[in-house]
Amino acid sequence: MIQTAQPIHIDLDHQGAPTRLQVSLTIRPGDLTVVLGPSGSGKTSLLRALCGLFRPDRGFIRHGDQDWFSHERGTHQSPQARGVGVVFQNYGIMPHLTALQNVCLHGAPNVIGLNWLDRVGLSAQAQQPASTLSGGQQQRVAIARALAQSPHLLLLDEPFSAVDQSTRTSLYELIAEIRITSQIPMLMVTHNLEEARLLADQLLVMDEGVGLQQGDPGSITLKPRNARVADIVGIQNRYKGLFMKTSLDGVAELQWGLHADNPRLQIADKGRIRDQREVDWIIPAEAVRLNNYPKSCTIRGRVGQIRQLGETVLCLVDLDYALRQTLHLTLSPREIRQLNLEAGSMIEFGLDCTMIHVMPGNKSMGTAVE
Amino acid sequence: MLGRLSRLLLSLPIQCRGPGSLWHFGLAHWGLALLLSLPLSWAQASSPQSSTETTRVAVAANLRMAIDQLTPAFQARHPLARIDFVFGSTGNFTRQILQGAPFALLVAADEQSVEVIGQAQQKAGRPSRAAAYAQGQLSLVYVKRLALPAQATAEQIVRASRRTAIANPETAPYGRAAQQWLSRSGLSLSPQQLAIGENIGQAAQFLLTGSVEAALLARSLTSHPTIQDCCLVLHLPKDGLDPIRQAMILLQPTNPTANAFFDFLMSAQATPILQSFGYQRP
Amino acid sequence: MDWQAITISLKLAAITGLLLLPIGFALAYWLAFSESRARKPVEILTMLPLILPPTVLGLYLLMAFSNPLGQDRQTAWWRVIGLEGLAFRFEGLVVASLIANLPFMVQPMVRSLASIPQSLRETAWTCGLSRWQTLWKVELPLAWPGVVTGLALTAAHTLGEFGVVLMVGGNLPGETRTLSIAIYDRVQAFDLAGANQMAAVLLGISIATLAAILVLSRKQDWLGQRQA
């Protein structure tokens, strides 16, 4: 049943209606590619272009060596011909059919449909009218249906947005399992940060129709291309600063904030940013150390707010040294107790300045500057 | 039966979902439509004499009562003949015939219509037979509740009525005659005082439903029991009025039944029946 | 009781309904799903018989259909395609009925089809269902209430049609004398009892039709139910 999965190569440039779309991407078999971006960022257009419901102006979409879309060659295969399994945002469940009939909509034999229903845990509901199923159950029927047609590509459009947490967890597990067993290239569209970070093998960040940065989530989180990507990926500790070269080779100074009196941090100079340049820069969460830090990189501040978010606690620290900046710290409740923190108490921590990441100053989309 | 029908209709969507093809459904559908589109021969077959086709005769509305009496006499002589009589206004029938309506014979309420049709027949190169068969009379019918003295004149009756009905002068010869009588009697009625029926029959309906108190009808209609029940009748004299000469014209000269009826209507057997309804031979 | 008239009326209603069903459905489908700019004008055209007085429609049809006596045969286009000679015939009533009932058949179907969420159709396509398969398995079952309503309204409207039938058909017993015309005829023959009898039959059929629409469209109303 497992066919040799092929990668999907995408390069699209569409400037007209309904929205702009400019993306270059490869979806590899066995990988879950997540497209992350706010609403209106073109994620849905990308999805529709992939399954054949939308024809871009220029570019190509290639499945292995087969053209699904090629502007040059004038080909545009219909959705029926591509074999792309889609789980739409509102599931697309046919209310007048049973769950099994839904799964076998494309003509797959019942035995395959029942098999997939079993794998999503709904074999008991096979003969039930689909309209009587709950949202989560309909979601799973939609997934089973998309997979039962042995697709060349699986597309998921914000699949977990309307689902409660416990169902979400079981669906994550299901996706993970499918990824391993079937090696189908998968692309998921979401605006949910945690989901993207949790599930993605490859992350594509989109904004206003353009693919801004792609790669594994870890490296994007550590080294976002620009301030916009940093925002979308949910990096909270982002600041403006001034980049200044020093007389030492490979060493530069970063002024925290735009005020000339603000403290300066010593960071690496990779030779990509000019002197006296205004920059955006970030402090990744891993760079903040509560223990075992050298005295040279100490930051002091006063705890402003403590917010409990499930199993972690968000601490907003107002920094000292006449800085009017806030640092977001995510701590476990144990650490809060250990440090005896509460609103108003002083806190001191170390900063690993080698992990500071500097980005060009304005929200330019273009050239990669470290 | 409604239950079975609704179950049948409800099961159709289920058949849609099944493996049966669109072709089969479409075929069944068109088959059914075609079957129902077959000529109406079976509807006509329900009539006793299905061997002969029905002959259609258009008759002016004023002859409705007379035809009821004439038909048995005609059938006695021609037991196998089958005639469908259609009643209406002469003007309407003339228009329809000129537009190709399939009547075999028109028994009109005037002569002009017959002449017009005769000319058209000639231009089409079809021979036709026409003859004046009767001369009709006008009667004034009025409701009993007007409670007028027995010697009341026609003019008094009309003046005492809030509204008077006549047939449409444009299409019905009796309507024209009624209008002529009204103007000759010096009665000028405003539109609110006059109700115009599409034909004599409808004018009578106005009277019977109480919309009017008086109506100028063909004398032949006044013997109907419904009219006798509700109303009083005053036959109007012929003097001073143009005679209401009624003619008929044969439209399908090869139709034996139509020919037979034509001859019958002109014959001596028909005369007493016609006269009993107030018609005279011209 | 004029059984011939009842038969003619029922036949007219059945034939009109069955012939208009595929035509109306094809038109409704195009109106519901097409992106063409011609959509609005065409939709207005299909609604035209609704606002046209029946006698106006009857007049135009009569002029197109009539086979004039003693006049030169003119080669107008409708004569060439064979519409001539349909006046005063049952077939002429069928044609007139098809035109007069177009909005009654098309409108409910358009509403029903248009209420199918686009995502359902797109889902069907991405599942590999061709346009015809999507029609058969998805669109038709979901739009079924509209189809039934269109059919029932057409049948009921045809049964009650008077002006057009009288103009185009005349009052020929066994050919064009429908039930409504027969009632009119009975009244003019001073036979109110007979007229009442047939009016009761017509009323009964209309009520049955209405009941049928209500029952059938509620039972198959998939789209009214909660959907994801």
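Letters A, B and C name the chains as they come in the text, with residue numbers starting at 1 for each one.
Throughout what follows, a residue touches a chain if its C-beta (ideal position, glycine included) is under 8 Å from a C-beta of that chain, and two chains touch if they have at least 3 such contacts.
If you're wondering where the values come from, they're calculated on a predicted model, not measured in any experiment.
When every chain is represented by the mean of its C-alpha atoms, the one lying closest to the mean of all protein C-alpha atoms is C. More C-beta pairs touch across the B-C interface than across any other pair of chains. Distance between chain centres (mean CA atoms), subunit A to subunit B: 85 Å. Rounded to whole angstrom units, the spacing between the C-alpha centres of subunit A and subunit C is 56. The distance from the centre of subunit B to the centre of subunit C, with each centre set as the mean of the Cα atoms, comes to 30 Å. Contacts with at least two other chains are made by residues 13, 17 of subunit B. Among the residues of subunit C, those in touch with two or more other chains are 137, 141. Among all residues of subunit A, those that touch two or more other chains are 96.
Only residues 2, 5-6, 9-10, 12-13, 16-17, 22, 26, 29, 32-33, 36-37, 40, 43-44, 46-47, 54, 56, 61, 64, 84, 86-88, 96-102, 117, 119-124, 199, 201-202, 204-205, 208, 224, 226-227 of subunit B touch subunit C when the two sit together in their complex. By the touch rule above, subunit C contacts subunit A in their complex via residues 117, 119-120, 122-130, 137-138, 141-142, 222-223, 225-228.
Contact residues on subunit A toward subunit C in their complex (touch as defined above): 51-53, 78-80, 82-86, 88-96, 105-107, 131, 135, 138, 145, 149.
Considering their complex, residues 3-4, 7-8, 11, 14-15, 18-19, 21-22, 62, 66-71, 85, 87-90, 94, 132, 135-137, 140-141, 144, 148, 170-175, 185, 187-190, 208, 211-212, 215-216, 219-220 of subunit C touch subunit B.
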